[in-house]
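Below, subunit A partners subunit B and then partners subunit C, in two separate complexes.
Take a look at the complex of A and B:
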């Protein structure tokens, strides 16, 4: 590593003699470490920019994203239509933002669902331990073999309707296994800590020990997990929509927009390039953010 | 009536290699307000005894095979986990060896004290904080009120042990089990923590079990001492009696191993050590467990083959050995 700045011990920087020593919490330390990672900061900035664009653009845009106006069909990028228009003459700048809302929304929704299932399953398994842990882990092993996308397709077929929430269910139902394992592993390690023994020794109830002494210590890992799972889920959603199994028109996600653009990709490549680029950028940024978060929240894994 | 009555306690660990008899037939009583010291080397079962009383051992692999533990007239070995949670911290509290790791680094000191008050006494909010500050003050932490919002990393080892003690005494338990409370602390702090424990015990009429491998610590604070070896109590007597007239060869050896800094000549000699190692507790010897290391167990001596009972040599002085010091002295006098 070249010219990495020397780590400044927590609580030492910027303290003049006699001034009360500022306490720096784990999160403040992590934030400082994150800010030193330029790639992660840039990726985080772009990520926020994309999210901000998806939220704001449809509100301020003068164009109705669903208004069909054939005279404007297949326009290239211009001042009034920065991303051009599609085969129905709809403004792509607005539609891409709306598609992003759905793609990112489903992404975060499914990620949070993965987290919720994974945390509960993993925490119970690791905390209770013994036979229950063994049974739950063997069940997980059995599920582990399930291929995630075919399972999502199957789940959608069983549910029968496709909307935002069923997509969230389909994408999370077969992808929480890793999270459950990670959380279980964390709980297993944390459980051996003396302070957990001490908490037992003062007679705290099990749920209090789990929720107060164990789960808060897994928060760092969970934040990292959000950004590690997000790209997979967003890609999954895009893939399903590209196959035509996703969100129904006139709503669109980035995947279904790319699918629409496929018909005319030779003459009007921007139709497929823009949503694809949006997906790729977002996924790349999420990966960088996850990397940066891991380095920031778990600095031990980073040092040579 | 004794506060705590442990009778023929046997705690075994069922492992892949076999059954480890970590505690093998331990009996003792603790009277209200008194201190019992349990001494012995690492692995002799003193901590397992303490954890058995608290029922804090993971089951499996550990299990209390036989024996009874009666606290305040109540049998602890048959209580459910939920009932035990009401006993722990409320009636019997425990402090551990390493204060550096026994506090949760992500919670403030205040939170860790008030959560116990909330759990057992139902004291909440500002009242709990006030009580927590009083407790910190009582264990000798200055500016207690301000320090409630500090995280453990801002406390030194000695201060953290004081915080652990504050948590332990928060609900005014009848019995405090201190498992090597000073081992991880440096010597000057050790004495302070022991004094603190002793003061608190006296003020509150609290009984205490002090577990240590340090004879000096026992001499300072315990009224009654039990010496453990290989899962059994080998000698038990009032502290003064034990130090003045040790009977068991193991106790003698332990006392001889203490460095004597006042004796000029002793400072030039090597420290006394006990030859050999403690027996394997998976398959302990049938007879006296100390026989292999005992300087008085001659070959052909029956004590290595026959289990040795704990005999009351004098009133209140119990020994598990075929060669107690007083008997050896008598034999010597006879042959001379």
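Take a look at the complex of A and C:
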């Protein structure tokens, strides 16, 4: 280094004239706050670990997840089969990972669909305001807490086939009410900001205001919402599949694996316990991540 | 307040009509109408009579109007599969059991969840608090079919204490209601803890303490009263949880209620039953919301202004 800078006297903070002030964006701040929350970091780590296991295990596993081999049926956990085997002698370590791909995939798919519907409904309601807003919100008030399961079952009956995408539709069809309300609330608050008034004043069109100034600022809330909605959707998929109305063989999800294990749980409880615990762990982690994200992105609502 | 209640009540009517309409239109989309000509060959006259009996020969809006009339007069029409029974018969027979199950589950939740939340809030960051919140988190995450299976496995099969399934004596009702009550319990514990902590920091609580009121009285009169309001308002969303949960719990414990029958009816393509039950459950949730909103206004005067 040539031309060493003037020494800064001790006791004065490290900000020297001319040096750029270290800026930290909203997201960097949030990330820092998140990292300070040990529970949320641990939960996020386990969450990623499960997702990684679901992606990698079927690729590296020496066992063919669909190979039926009856002499190996109903084995308990061992070195070669860490999660044991099912009634057809298929390796559960590999199959649980495959089931996880479908369960988590449907979970994220339906969550994104819920977000999409909720954002459109909430943004229109909050942005247009007035009578339309009133009508749209009274409608949501009345539907609050409507059970999604009957409507999911109905939707599947109508579509007639059960696969990944129809499950996504079925699980999002009656689950977006809360998200819509949250987005609307956020838009209402943001609308009062001076920069939005300024944008109105300089004659920006409504669409531009909505897409450039309002929606980007709901992003934080939406990230939280992803992890708030995910547990419900993953459990919903599991319920549907457990009732025999969801994912069908030869595909498997954690819910349908639990259903398979139901017949033999008296003698071989691991068949139902392993996929159920996979669901429980993922849901537990998602809840902790959601809490951590809420504290990090929206410090005002931090719980005491 | 009166204006708010009236407006809220009036708004319920179009929402109910809309929910019936959506359900009705959804049902019409289902492939495999039991009287489709392709399903089986019946004489034309019989087909005509069948369609007339179930009013399938009219245009859809007439059918819809007639269905709404049926809902209003509490007549949900005949079952398509069980020849001699109407949807009303099925509701009358099965619904009381589901209500009983749901009430017990709610009872467990209030009995354990609310006190757990109160004690946790009074001793924040204590061992009890951590334990209660751990329980709450785990309670949310465990799928109820795992809870049910484990309870049956240990309590019924290993220890032989309670029957595995059925719905006769209190012994049969214990395990299903506990399983179904777990999520509401976890919910109440967390909710009550949160609102209590918030109330404990309120100025009026500090004032009550400062003027020398005994702590027990402060908590009993000022804190509890204000922190338990959310318990009332949470009842409506919890109803949704309980309905969803009852589908699984009734299925596993073989409780002959609505949740179990719904799944049977879907598999049997008994669409009038499916539709009737969907409409019934939706209306119950909508009415519960209405009741809670009105109660909320009465219990917490602060919300009246904001909500009108």
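Quick note on the criterion: the second predicted complex is superposed on the first by the 275 of 304 C-alpha atoms of A that agree within 3 Å, B and C clash if a C-alpha of one lies under 4 Å from a C-alpha of the other, contacts with A are read in each partner's own complex, and residues count from 1 in each chain.
Keep in mind that, in the parts below, a residue touches a chain if its C-beta (ideal position, glycine included) is under 8 Å from a C-beta of that chain, and two chains touch if they have at least 3 such contacts.
Bear in mind the structure is a predicted one, so any value in this text is a computation, not a measurement.
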Touching partner for A:195 - first (subunit B), second (subunit C), both, neither: first
Dominant toucher of subunit A (residue count), subunit B or subunit C: C
Touching partner for A:67 - first (subunit B), second (subunit C), both, neither: neither
Which of subunit B and subunit C A:216 touches, first, second, both or neither: first
First (subunit B), second (subunit C), both or neither touched by A:138: second
Footprint overlap on subunit A, comparing subunit B with subunit C: none
Subunit A residues touching subunit C - in the complex, by the definition given at the top: 138-139, 141-151, 153-155, 157-158, 160, 231, 235-236, 238-239, 242-245, 255, 258, 262, 265-266, 269, 272-273, 276-277, 279-281, 283-284, 287-288, 303-304
Residues of subunit B touching subunit A in the complex: 54, 56, 60, 84-90, 93-94, 96, 98, 101-107, 115-116, 119-120, 150-151, 154, 164, 167-168
Residues of subunit C that touch subunit A when the two form their complex: 8, 11-12, 15-16, 18-19, 23, 26-27, 29-31, 124, 137-138, 140-143, 145-146, 149-150, 153, 157, 194, 197-198, 201, 236-241, 243-244, 247-248, 251, 262-263, 266, 274, 277-278, 281-282, 285-286, 288-290, 293
In the complex with subunit B, residue positions of subunit A that touch it: 23, 25-26, 130, 193-195, 197-205, 208, 212-213, 216-217
